[in-house]
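Both of the next two complexes hold subunit A, though its partner changes from subunit B to subunit C.
And now, the complex of A and B:
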């Protein structure tokens, strides 16, 4: 039986705690008597018969007719699937999306359906490479569909292939992929790694255009999402759910398939990253020492390649299909069962080690803007109830925060860093002053549509993601970051954790409470 | 009189070039320049005046000479030994406070001007620069007949002299000459700016470098080239602040300039080149890297104005060929045609500009002539040390102290 997550109160016997620092780690000693460490739960057991469970879900959907009854000859069937941003790290083959899509295609073939399109629902993310597509859907599906142009990627900038479906009562325009909207059935294949994923967000975000996305990817919506991991208190989700109703009312027929994975994140020899420090054996300690020393001497590019080659031993813990909202309720329960950790009360200082990866830099660089979104957008929001850090508290994160960008994946990020952040770090100001120009830049549009670039507006969305966190905290301190880059982000640089705590004392006094979020693997703090 | 004098000593130039690796001060100590006590130059003829300098700037071209980097091109256009110094405000022997337009033009050499009312820098035949009643020399500060500003005294022809109004301080007046150079470069962008404006687009001019000349070019663009969007690449924070104060719209670090130009002008980034780019670029640095950079972000059939004095450079000109880029030198000043069609002398425009622009902030430090090695060292490291323009102060109080 896997052990649940728990909160460790740090005392003098507590060993130094592991902090991620991009493509490396460090061990940090936290002050005894007023520090605590939140550890994630151990991975839940996997489903033994994955293919059987998938087939069972398709034949016995929730609040929906069985999939075979929805399939008929001559129909137009569209299968959309989550893109390269999920799961993290990428899972070992076969990817769960491949298994689900193959099962759906088997049923479609049985029903004589021959008009099938498969679409990567990447919204404004970069397009996936062939290797990434093959990894996600498998070689058999790829070879059967891609050469004939039937497996492709959503293009949020293709006016000929977008369908405007109406507006919500709040005036939010709903525009999604035309093929998906006009199909007789849209089957959405999801991976739900955190509670934020899935539900109507799959379709209303993953298959949407900028025109539509801007209604919920904005500073106001992000600021009112408390948190992204708590759908009922997330304005982001409420907007997506409103859009989902427009989809339904306009006749889009969705069959939602959601899967959850356990938190088995790191294979050998990186298993020690998931272990609790006092349980490290001699081999773990040796591996840590050898790894950190070696990584310290390894060029950043090579270190990145090493880490991005990791394939997680994630395993499926649930699969459910049917009506979107009913399915998502069960999915969320499964996610919470894996990730929720009960935490009593808030803290003055929240510490976090930022790893090498985020949903937006698979096979790429975690650039400074993505460091921000990981800290203030994701880790800050890993709560239910109330934020882990009190209002006016301090966040201390560890990351080298180098001014490095992947010009292929993140071209507009470079300009955002050089131009927008040099002007303002206020999400509301930049949204008014700069967003439109980036969203409509022809070069960014060209690179998004034809290359492997995130959409021009994407760095803004990343910055907005941290709106609540940045307004909530009085200071963000980056340990070990490039000082000039850290200042450009509006944060405060510190050389060591001790220096950071000293700097934080201006705000939270000399004996603040400290909480460390020991992630990854993923967790959500249920703060009561 | 005291004078800093440069003699033709090839070995000294070579030693200076090596020593310049350690800074301009070191190069000055071992190079071809010395502080000497010499007789003042004789008046070459009628219309000539004795000038006692007040403030005299140290220019990039002076430094390049002191450091042994100047091109051999000038060997036939100057006469040794000469006294450098051409950014001058001083007192004329007839009681006027004047700035000097340094080009030794037709009238100074006893020739008829190329057209009535021509400025010293006008004309399309430079034969007069090596003839007439003076030894060869393109301008004051490079001619053994006239002397130069880095001395207690030199001579200047009436055609070179501009009386300055009382309201113009010495500290501003010493910058009139570089300001004229900047204005001239700015006006060289006008044909491209006009074409862009007529095409209904916002004209973009990039300025590479924000030392004295770059900043003066920015001031010239803002004042005399209407409707232009100015994007500046400036290395140091104080340069960036000054560029903004002089009217630049966008100021970025040099390594960010290419992308900043794209943001302003649109287009794509194709490899290292912009698909489009600035309508014109003023290169106020003038080395291989800056020229290559300017060619990369100036749009096809645009113009690169080379304001910084280059020497021998190595540049891949394939892009220039392919994009049909105009590479235009911008040495000095003369008679300008302004956007409204009127004709004005650059020095008059510069004096007008010096009265209104915040030029005081450009003159960072002054030195007595006796501290010439320190002055040259400071000038050579001006950007790094938070300075812009370094000058010699030869005003009476300084003379009394020396």
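And now, the complex of A and C:
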């Protein structure tokens, strides 16, 4: 039986705690008597018969007719699936999306369906490479559909292939992929790694255009989302759910398939990264020492390649299909069962180690803006109830925060860093002053549509993710980061953890309480 | 001579074959001289009226291969399969292996069950190909059912087959009691099996009807059957070819099958054949086409068209030309139409 997550009160006998630092990690001693560490739960057991479970879900859907009864000869079937941003790290083959898509295709073949399109629902994310598509959907599906142009990627800037479906009572425009909107059935294949994923967000965000996305990806919505991991208190989700209603009213027929994975994140020899420090055996300790020393002498590019080649031994813990909202309720319960850790009370200082990966830099560089979104957008929001850090508290994060960008994947990030952040770090100001210029820039649009670039507006959305966190905290300190880059982000640089605690003391006093998020693997703090 | 536009020079295999001819020329005179000299250079004649006690038959289906599964022989075999055999197969057959992911659920079990692999059979190369293509954890505990009357008719052949491929002798025409008992015992000991349901190599390049041996063994032992389609080995070293010529092969593994509650051996064997047929279609076209044809029962048959003579061979050459294009046709970069 896997052990649940728990909160460790640090005392003098507690060993130093693991902190991620991008493509490396370190051990840091936290002050005894007033620090605590939140450890994630161990991975839940996987389903043994994955294919059987998927088939069962398709034949016995929730609040929906069985999939075979929805399939008929001559129909237009569209299968949309989550893009490269999920799961993290990429899972070992076969990816769960491949297994679900093959199960759907088996039923479609039995029903005599000929007109099938498969679409990567990537919204404003970069297009996936052939290797990434093959990894997600498998060689069989790729070889059968891609050469005929039947497996392709959603293009949020293609006016000919977008369908405007109406507006919500709040005036939010709903525009999604035309093929998906006009199909007799849209099957969405989703991976729910965190509670934020899935539900109407799959279709209303993944297959939407900039015109539609701007209504919920803005500073106001993000500021009112408390948190993204709690659907009922997230304005982002409420907006997506309103859009889902418009989709239904306009006749889009969605069959949602959601899967959850366990948190088995690191394979050998990196398994120790998921273990609690006092349970490290001699081999783990040797591996840690050898790895940190070696990575310290390894060029950053090579270290990145090593880490991005990691394939997680994730296993599927549940699959449910049917009506979007009914399915998502059960999916969220499964995610919470894996990730929720009960924590009593808030803290003065929240510490976190930022790893090498985020949803937006798979096979790429975690640039400074993505460091910000990981800290203030994701880790800060890994709570239900109230934030882990008290209002006016301090966040201390560890990351080298080098001014490095991938010019292929993140071209607009470079200009955002040099131009927009040099002007302002206030999300509201930049959304008024700069967003439109980047969103409608022809060159960024061209790179998004034809290359592997994130949309021109994407760095703004990343910055907006942190809106609530940045307003909530009085200071953000980056340990080990490039000082000039850290200051450009509006954060404070520090050389060591002790220095960071010293810098924080003028805000939170000499004896603040400290809480460390020991993640990855992922967890959500249920703060009571 | 190789054609001027051939992508390779006369192969090493060709040269090796010519060396064999030279050895043959050198040794034949000695053999003839020995035959002229008679006993003791040759075997003795038997005096009339004398009955020679027969040796206990220990070749053919009775050949004992237990020694080939002991640790020393396994270590030697691991070296042979992982080294020279692997290199030779890659050099001659350039195998592309697909569908291994269909076995991933079984592979991650704490105690993966033994499997019965049932490939189609066109060439002796098939066995070597399977020895390197079958994924772990099954590869290291794999036995191959080999024709007792062909591979175990001479002691040196029996030893070589048992040592290098872990072959076990099996009656070709009927699953004899002794063979099936031995296989059942091996599967119960955790050994997986490669068995050719067609019973022998294809005589004309097309497949043959499946016999029920694999289905029968699965029903008796409970081991799942993994259908496998091998494409390309017939053109490399098919039946009747004197020397191999290099080519490309595909090995496609299917999803494991187990007999249904109300399914007899004949029906189960037919289902295995249909699965291999679908894999063959998948190998030559793509997964979606094959799956749709399987749904309405129109996958091209392994046994080829009904007509005989040159038209049958003509159809075979056409099929082979499709097969060599094979899987993983690369998609050309698709640029969206941005207008002007």
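To be clear about the criterion, the second predicted complex is superposed on the first by the 528 of 528 C-alpha atoms of A that agree within 3 Å, B and C clash if a C-alpha of one lies under 4 Å from a C-alpha of the other, contacts with A are read in each partner's own complex, and residues count from 1 in each chain.
Going forward, a contact is a pair of C-beta atoms (placed from the backbone, for glycine too) under 8 Å apart; a residue touches a chain by one contact, two chains touch by 3 or more.
Since the model is a prediction, treat every value here as computed from it, not as a measurement.
S.K.: Consider subunit A as the common anchor and indicate whether subunit B and subunit C clash or fit when overlaid.
M.R.: Pair status: fit.
S.K.: Which partner chains sit in contact with A:139 here, subunit B, subunit C, both or neither? Use first/second/both/neither.
M.R.: After superposing on A, A:139 lies in contact with subunit C but is clear of subunit B.
S.K.: A:114 in the overlay: touching subunit B, subunit C, both, or neither? Say first, second, both or neither.
M.R.: After superposing on A, A:114 lies in contact with subunit C but is clear of subunit B.
S.K.: Could you tell me if A:279 is touching subunit B, subunit C, both of them or neither one (first, second, both, neither)?
M.R.: neither
S.K.: Applying the document's definition of touching, compare subunit B and subunit C: which contacts more of subunit A?
M.R.: With both complexes superposed on chain A, more residues of subunit A are touched by C.
S.K.: Draw lines from the C-alpha centre of subunit A to the C-alpha centres of subunit B and subunit C: what angle do they form, to the nearest 10°?
M.R.: Taking subunit A as the apex, subunit B and subunit C sit 110 degrees apart.
S.K.: Could you look at A:442 and tell me whether it touches subunit B, subunit C, both or neither (first, second, both, neither)?
M.R.: first
S.K.: Of the partners subunit B and subunit C, which touch A:11 in the superposed model: first, second, both, neither?
M.R.: neither
S.K.: Quick one: classify A:418 as touching subunit B (first), subunit C (second), both or neither.
M.R.: The first partner, subunit B, only.
S.K.: How far apart, in whole Å, are the nearest Cα atoms of subunit B and subunit C in the superposition?
M.R.: The answer is 15 Å, the least C-alpha separation in the overlay.
S.K.: Would you tell me the residues on subunit A in contact with subunit B in one complex that are also in contact with subunit C in the other?
M.R.: 446
S.K.: State the interface residues of subunit A toward subunit C in the complex, per the touch definition above.
M.R.: So the residues of subunit A in touch with subunit C come to 48-51, 93-94, 98, 102, 105-106, 109-110, 112, 114, 116, 130, 138-147, 149, 152, 155, 158, 315, 446, 449-450.
S.K.: For the complex, give me every residue of subunit B touching subunit A.
M.R.: So the residues of subunit B in touch with subunit A come to 252, 256, 259-260, 262-263, 266-269.
S.K.: In the complex formed with subunit B, which residues of subunit A make contact?
M.R.: For subunit A paired with subunit B, touching residues are 411, 414-415, 418-419, 422, 441-443, 446.
S.K.: Which of the residues in subunit C end up touching subunit A in this complex?
M.R.: Contact set of subunit C toward subunit A: 98-99, 101, 104-105, 108-109, 255, 282, 286-289, 291-292, 294-296, 327-331, 334-336, 338.
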